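Input: structures, listed below.
Below are two complexes that have chain A in common, paired first with chain B and then with chain C.
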Partner chain A sequence: MTVARFVFDAAAAVAVLFGGLMVVTRNSVRSVLTLVVAFFALAVTYVMLLSPFIAAIQVIVYAGAILVLFLFVLMLLNIGHIPAERSGPLQTLLGSLGVVLFAALLLGTLRGAGASIPAPTGETPQVLSDPASLSRELFSKYLLHFEAVSVLLLAALVGAFVLARREKQP
Partner chain B sequence: MTLVDWVIVVLRVALPAMIFPALVIPLTWVERRGAAFIQDRFGPNRVGPFGLFQAVADAVKMFTKEAVMPASADKLLFLLAPAIAAFAALSTFAIVPYGATLKIDGREIPLIGADVSIGILYSFAIVSLSVYAIVLAGWASNNKFSLMGGIRSSAQIISYELAMTTAAAGVVLVASSFKLNDIIAAQQRPMPILAFVPQWNIFIQPLGFIIFLVSAFAETNRLPFDLPEAEPELVAGYHTEYSAMRFGAFQMAEYVNVVVACAITVTLYLGGWSLPGFHPESILGVALSILIFATKTAFLVWVFVWVRWTLPRFRYDQLMRLGWKVLLPLALVNLFWAAALEMVRAAR
Partner chain C sequence: MIGSIPLSDVLLASGALFSIGIAGVLLRRNAIQIFLSIELMMNAANLALLGYGAAMGTHEGQIIVFFVIAIAAAEASVGLAIFVALFRHTETIDVNKIRLLKW
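So, the complex of A and B:
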């Protein structure tokens, strides 16, 4: 096992571990922080996959902006410890069933997908490793998709604005 | 790689990282004597010549004082916060070239920690993580003043990061690269008109320079934007409960952040280590290029001190309004201006 592979596996393990911790943690601020660690570990896996640009965007946008906003809201509303709510037997049963079904679905998909991916040839596609060629692809071949996503985000922004201002109307 | 290669890599990566924490000592002296000079006082002048050893005495004091932990603090996060601050401050500089390429014995040694393709984006990523230090310190202290400081900091940094990156996008557009070496190379080209003026980005995008510098003040929490600590309202803001070297780590991080912000501004807008007509080849030339870079950075650091003791603090709502309603639209205008210039250049 090479060093690069070891770092990748370690980062992936940290990402999964802290993703799980985020769900389990009762303290909301700590919960956000475990998610920061998970996102950072995810960025490390991107770097090990020779995509530093995606890694930088992952850290800047998710860890650096979105989760800071989460923290801002949590701290502003002073939501600290969330008391454990007792769930009924039916909820527990349905919840466990859902987890098992989702795990089966995930495993099935992963096994099926693994067969169709060609064996790695040892060379990285230029598009991912170099920001210039990535943006060239994004603004030529995938321009329509790019613009469609930006319109979608604009719609979400306007929607959020309308929802936030509604209560002021008579 | 031979042993010599390893030594070179370690030296060029580790040297700046070791020099930066030590810079805090002269910087606190410059700040306090500078403040005294501006306010027509003497400032610290008892310890050593011109009070130069005052900062050393302060450092010894910080290392030997008792580190107090509030009884109701979140212990893990309370200890983690200063560590994050120091980590973020010391790793931001890695992608800034601090001198021309050194050529010895057929080896080419670029004077830069890591010449990665994402360049400036790396710095923005690390800087965006440094906010956690302040927010966590504020929250983990379990003190209302600290919490207020942390909340202010998170809102402030998100607002100014946007204007800062948009302003820097104009520079990236001109150089068509994120790498700071390419950005310096683009600034070494001659101007199409008025050829004696270097094509530094401060001359072609003056608006972008001002936006970047103002945002840098906000990002480093320096006056007039030091709302997270605002001592008249919040005691000392996010580091109210910190003492001894834990407080020292925050102080060190602040000064290192100022130096790094100045170094990045110099590289993006003031041509980095280059001067018009200066093409260093020999070892002496490379040493001169490092000196040029240090001089430009030192001047900007002095501007930071100068502004701190000249302008009063903004109110919180003024700060947010300036960020969102003034700086961000102006940064977009600057981006269009840069794009228009590039189109003209491409058409010629």
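So, the complex of A and C:
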């Protein structure tokens, strides 16, 4: 086992472990903080998959902005300490059954899927992990999509403002 | 293979993370944890996309993940705004008690 593979597997194992902790814990704030650790570990796996730019975005936008937004909401509404009630027996039974069936189906499908990919014929690893060549493609071939996303973000900004503000008292 | 990492390792990790996300959505009643589980599932899909992109030697995987992260930011802001409005109305984070749409 080479160093690259070991680092990838270790980071993926940390991500799976902390993802599991996120689901198991009952405290909402602790749940967000464990997910931050899982996303940092995922950023390490992204670096190993020749995507250092996406790894930086993952740390800055996901761990830095989105999860901090969750923490802000939890603490502004002061709901971090309210535990939701335990799931009923019917939900636990049916939910567990669904999870086991889904996981078996998904992992069974993915098991043979990697073999059908041919050997890399495209860019070399140096070009692939270079942010400059990535952005050249992003701002030429995918420029329209990029602009559409900027409009979507504006719409989300306005929508979030309208949804979250208090109604005026009549 | 990406360098010395086999694609099957990437897909296994991605499948495991997605299954954990499914478990969180199906087994929890805390609205915040369900939301976080959805974010985790999105990241599992991103991992698979990056794995395939790197294995095939194209930039497309990274570009799709870039757009997914941008859309996830929009989704998180609107989702949390809905959550804030809902909490003001119902004073609970238990999804079984939020039944405004249930006759």
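Here is the rule we go by: the second predicted complex is superposed on the first by the 139 of 170 C-alpha atoms of A that agree within 3 Å, B and C clash if a C-alpha of one lies under 4 Å from a C-alpha of the other, contacts with A are read in each partner's own complex, and residues count from 1 in each chain.
The rule is short, and it goes like this: contacts are C-beta pairs under 8 Å (C-beta built on N, C-alpha and C of every residue); 3 or more make two chains touch, one makes a residue touch a chain.
Note that the structure is a prediction, hence the values are computed from the model and not measured.
Visitor: Are chain B and chain C a fit on chain A, or do they clash, once the structures share the same frame?
Guide: Result for chain B and chain C: fit.
Visitor: Return first, second, both or neither, reflecting whether A:V151 touches chain B, chain C, both chains, or no partner chain.
Guide: neither
Visitor: Output check: A:G20 vs chain B and chain C. Expected answer is one of first, second, both, neither. What do you get?
Guide: Only chain C is touched by A:G20; chain B is not.
Visitor: A:L49 in the overlay: touching chain B, chain C, both, or neither? Say first, second, both or neither.
Guide: After superposition on chain A, A:L49 lies in contact with chain C alone.
Visitor: Looking at A:V36, would you say it contacts chain B, chain C, both, or neither? Reply first, second, both or neither.
Guide: A:V36 contacts chain B only, not chain C.
Visitor: Is A:A160 in contact with chain B, with chain C, with both, or with neither (first, second, both, neither)?
Guide: Second partner only, chain C.
Visitor: Comparing chain C with chain B, which touches more residues belonging to chain A?
Guide: After superposition, C is the partner touching more of chain A.
Visitor: Between chain B and chain C, whom does A:D9 touch in the aligned arrangement: first, second, both, or neither?
Guide: A:D9 sits against chain C, while chain B stays out of touch.
Visitor: Could you look at A:A65 and tell me whether it touches chain B, chain C, both or neither (first, second, both, neither)?
Guide: In the superposed model, A:A65 contacts both chain B and chain C.
Visitor: Would you check which partner chain A:L93 touches, where first means chain B only, second means chain C only, and both and neither mean what they say?
Guide: Neither partner.
Visitor: Just how close are chain B and chain C at their nearest CA atoms in the overlay, in Å?
Guide: 14
Visitor: Indicate the residue numbers of chain A shared between its chain B interface and its chain C interface, in ascending order.
Guide: 53, 57, 65, 69
Visitor: For a test of understanding, state which residues of chain A touch chain C in their complex under the given definition.
Guide: Going through chain A, the ones touching chain C are 2, 4-5, 8-9, 12, 15-16, 19-20, 22-23, 26, 28, 31-32, 35, 38-39, 42, 45-46, 48-51, 53-54, 57-58, 61-62, 65-66, 69-70, 73-74, 77, 79, 82-88, 91-92, 94-96, 98-99, 102-103, 106-107, 110-111, 113-115, 117-125, 128, 133-134, 137-138, 142, 145, 149, 152-153, 155-157, 159-161, 163-164, 166.
Visitor: Would you pull the chain C residues touching chain A in the complex into a rising list?
Guide: 1-24, 26-33, 35-37, 39-40, 43, 46-47, 50-59, 61-63, 65-67, 69-78, 80-85, 87-88, 93-96
Visitor: Enumerate the contact residues on chain B facing chain A in the complex.
Guide: The contact residues of chain B facing chain A are 74, 77, 116-118, 121-122, 124-129, 131-132, 135-136, 138-139, 147, 150-151, 154-155, 157-158, 161, 165, 176-178.
Visitor: Tell me, which parts of chain A touch chain B in their complex?
Guide: For chain A paired with chain B, touching residues are 29-30, 33, 36, 40, 43, 52-53, 55-57, 59-60, 63-65, 68-69, 71-72, 75-76, 129-132.
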